[in-house]
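Contents: one structure, followed by commentary.
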Amino acid sequence: MTIVAPKTPNLALKLPTDEGILLVEGEDRPGLVRAISSALSESGANIVSLDQYTDDPEGGHFFQRTVFHVDDFAAVRLAIEASLDAALGGGLDLTWTLADRSAPKRVAILASTSDHCLLDLLWRQRRGEIPMTVPMVISNHTVVADDVRSFGIPFVHVPSQGPDKSAAEERILELLVGNVDVVVLARYMQILSEDFLERIGVPVINIHHSFLPAFIGAAPYRKAKERGVKLIGATAHYVTGDLDEGPIIEQDVVRVTHADTAVDLQRRGADVERAVLARAVAWHCQDRVIRHGRETVVFQP
Amino acid sequence: MTIVAPKTPNLALKLPTDEGILLVEGEDRPGLVRAISSALSESGANIVSLDQYTDDPEGGHFFQRTVFHVDDFAAVRLAIEASLDAALGGGLDLTWTLADRSAPKRVAILASTSDHCLLDLLWRQRRGEIPMTVPMVISNHTVVADDVRSFGIPFVHVPSQGPDKSAAEERILELLVGNVDVVVLARYMQILSEDFLERIGVPVINIHHSFLPAFIGAAPYRKAKERGVKLIGATAHYVTGDLDEGPIIEQDVVRVTHADTAVDLQRRGADVERAVLARAVAWHCQDRVIRHGRETVVFQP
Amino acid sequence: MTIVAPKTPNLALKLPTDEGILLVEGEDRPGLVRAISSALSESGANIVSLDQYTDDPEGGHFFQRTVFHVDDFAAVRLAIEASLDAALGGGLDLTWTLADRSAPKRVAILASTSDHCLLDLLWRQRRGEIPMTVPMVISNHTVVADDVRSFGIPFVHVPSQGPDKSAAEERILELLVGNVDVVVLARYMQILSEDFLERIGVPVINIHHSFLPAFIGAAPYRKAKERGVKLIGATAHYVTGDLDEGPIIEQDVVRVTHADTAVDLQRRGADVERAVLARAVAWHCQDRVIRHGRETVVFQP
Amino acid sequence: MTIVAPKTPNLALKLPTDEGILLVEGEDRPGLVRAISSALSESGANIVSLDQYTDDPEGGHFFQRTVFHVDDFAAVRLAIEASLDAALGGGLDLTWTLADRSAPKRVAILASTSDHCLLDLLWRQRRGEIPMTVPMVISNHTVVADDVRSFGIPFVHVPSQGPDKSAAEERILELLVGNVDVVVLARYMQILSEDFLERIGVPVINIHHSFLPAFIGAAPYRKAKERGVKLIGATAHYVTGDLDEGPIIEQDVVRVTHADTAVDLQRRGADVERAVLARAVAWHCQDRVIRHGRETVVFQP
């Protein structure tokens, strides 16, 4: 494994300091907003923005994203956490996570031979558009190696021939477990096992093409062309054991016409894939997404 | 059957006079554009706009839409047709249709209980946005009767209970055959038989909801909600014997969020359904759509 | 003045009962979210959704929209208001308004001869898409009278010839003051005096065409056509003494091409005008908009 | 001037061979489509697609874009040109240009310190999305030098201090005249003289921010923020002596909210600037744009 020194450190990324993002979810009951805001207030924090949503006024599920400012966040973080534990633990049955806005998410990217989603993410990372660092790109091929390294980012080749993927998955787990906060599949054309998804221990985001109506199976762009579709789409979602069926983070479409060939459709599809994946990764890294069963709550900017 | 005298005749609809629209399609071969433009030119016509498309430069299929101006179109129409017959008939194996831009298409609308698509079409017709007249609205229910008649448009109730739809279809055929140029299903919740489609003798346009990915069967909005879709869509298509699988004319989507309930999704779906159906009907009535197998060629404005 | 009994009462409008919407704004300081949520919580209210925004973490301005559920809202409303007064009054220097979600806003519409924005609003009102009633439409012309009355809505003609508009404004004030919650100018081609705006005592919403770049003065569509613009837009805003310069609520554009004539541009402009005005009015009636100086904060659905 | 050998030649760019694009414009008269298609047909060419537009059926201006296939285009090009000269020259007063689809346009890019438009173009060029080569990037600063060279593209620094720009313009003319087909100003913050525009001899394309309504002069994003605009836009246009007033090729907008700061607006503005410029450059390089006075005719894909 070759580690190349970053040529262009992510100078563009200017993250706010002394700001935290608190995500809370759980069974709704009266007084939750008050309990959370009181806990923050007593810790000296001032709320900068707050989005709250309950999926049913009667007996629903509660979701809240709070951005707050507090002097010396690093110093008082433990005290805030204790205060939140006292307020939200116990009988309330809430789940919460606290993130430091000055710390970018560590994102590993897995790719195969297509570069459109991969390079788009690396480019946006370099431009400071997404609060993330990319400690490593892993591919089962080597065609994207040079491009990845030209961004100053390590590239690791983990071949994956044959029907048994366990050795490749083992190698990826060795490289990533403990080192990253999220894994992004940027057109990685391998199915990950449930065992892998469990052991990786962090969310995995995938992108795939989508159509209205659906064209299932092989050669979807050819089938879509035959039916004369007028829109080509993409869906970014969290990966679960149920292939391509995980909670949706973002979707979008692009308009096509009869004059687009199946190859054109694929190219337009690539455009919308990279745009949708970039938004999904950005929102995840900005702690805007809460998973809830087969759904997501996305507090959009 | 009550015929109400139109209160507000379609005053807004100002169609160009002395202009024709010629649609030609067939096997591509060298010289077709020249042959068509020569035939028009020799008839004294001047081309106003021309869109031509071939789906494969080698051995493909040829499509052309030509708008032309000619003095006294009604007087010279037969001569133009003869000239086109001479030029395009014979060995060239082309299909062509000629339309008079000053003559709006006669559009029958079939509806059930939902009024969003129906009223949107009637309203646009009244505003002169679509070159059409609506000689009749037929429904298997009566809830939309008053609204339809308030536009000065005849409403006919053709009940359709029971599993045997043949009597209802027979009645609709009696009313429509020979009287209309196109039939629009504006959320008409009855499946039309292949026999009906054959005997009606004019194109039938349908609208249905669509999602990326597809949610098939009953309660699609509830299923889409459970999966957390971010886009709700609609597809307008020509009806063939293969239910909901005919050539697509237009599609669009609208953005939804986690905060939209299944009922909200249905309402947003209704919005996009009426917009998509209105565009499909307008383009059809403007002779912008050529069917070709399971596909359409749409020469958009 | 003829009052026509509504033929089609707004049956489609099903508003939530026992829900309130609280808008709060003022100088930001620590603890505001907590103070508000505590006041609601102590009154037995449960927060359904909450959007909060501060325009600057240090010394900024605070905005919050809270939707809450409480049993028997009408019965406990006074108690909630007292509790909010106690919590938010005094030194905190906050402004707040409390709305009952079951009570639609009373919207007067002023129009001239164009009907596209007017009819679009009446139609959406009838379909229950906007939580509003329309007690009255006033016009300085009579061309829209029949259409308005066909919706079962009173139409009042207030002529406005000559340079002195004070008599017309006086008459409109007599009709509207105390009777409506908001006035919408749906292409009302009269400039309202500052005196009128002060005495009407409720917000006034206007719609006008907009281009990038701007084409100022008479015949904007012709000028836009000459320059070959590719987008036609519209802006909905609150009316202030500074004509067409009030706080913007919503804007949108529609794509046009070289093939669109100046008349086409105007028609496409009408489409986007009515869509933008409808969204602005809906958001206002849903208490989603807070005015702040020359800006608005819009908590979008 | 350092010329770096291209590391990644534009392998992705696969242009059709044996295809020509013919643009024709001039005073409309009967028979033009026929004359053009006859000339092509007699040269053995087969029309692949044809777009024709006349801005007024009576005495208007004629525009046509024709893509045709002919065996051995390079060999027969002169014969086709002679045939077109015979058919379209003489009394018809038409202007025409013929392009070889296999030959990418040579595009020089001028930039200053902003890299978003510049890098977007270089990246799309590398991905083969635009039929162009970039022989050279010129900047009056050096900050983008490394990035440009990492694409294997020559970077030339032409400083432009002081009020007299004639030396800088002279140097740019030396470098570009005869070597490029089009010049793109990718946020080049220097005003080009009329003398330069005349002597450069090729079209110059510029991009600038645009708002509805317009905010003229310095600090437009701050002014737009103060007014609370909901859309941020960009306009790509041909440069004429009349600054920022040349024929518009493409425009687009992106949605913003109250939560976006003036800096955010600028960033969102950068996104839409690069997308709009990329489309304008692509359409120009695909010979889809015909200038006509202060307008353009764009035959969109």
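By written order: A, B, C and D. Residues from 1 in each chain.
FYI, contacts are C-beta pairs under 8 Å (C-beta built on N, C-alpha and C of every residue); 3 or more make two chains touch, one makes a residue touch a chain.
All values derive from a computational prediction rather than experimental measurement.
Engineer: Let me spell it out: compute each chain's centre from its C-alpha atoms, then which one is farthest from chain D's centre?
Structural biologist: Chain centre farthest from chain D's centre: C.
Engineer: I'd like to know which pair from A-D, A-C or C-D copies the A-B interface, where a copy means over half of the contact pairs are the same by residue number.
Structural biologist: Comparing residue numbers across A-D, A-C or C-D, the repeat of A-B turns out to be C-D.
Engineer: When B-C is set beside B-D, which has more C-beta pairs in contact?
Structural biologist: By the number of C-beta pairs in contact, the winner is B-D.
Engineer: When the C-alpha atoms of chain B and chain D are each averaged to a single point, how far apart are the two points in Å?
Structural biologist: Centre-to-centre distance between chain B and chain D: 37 Å.
Engineer: Centroid from C-alpha atoms only, then distance chain C to chain D, rounded to Å. What do you get?
Structural biologist: 42
Engineer: In chain B, what residues contact two or more other chains?
Structural biologist: Expected reply: 49, 53, 257, 259.
Engineer: Quick one: in the complex, what on chain C touches chain D?
Structural biologist: For chain C paired with chain D, touching residues are 53, 55, 210-214, 225-231, 233, 235, 244-245, 247-253, 257-259, 294-298, 300.
Engineer: Please give the residue numbers of chain C that touch chain A in the complex, ascending.
Structural biologist: Going by the criterion above, the answer is residues 19, 28-34, 37-38, 40-41, 44-54, 57-58, 64, 69.
Engineer: Can you check the complex and tell me which residues of chain B touch chain C?
Structural biologist: It comes out as residues 49, 116, 119, 123, 127, 129, 150, 257, 259, 267, 301.
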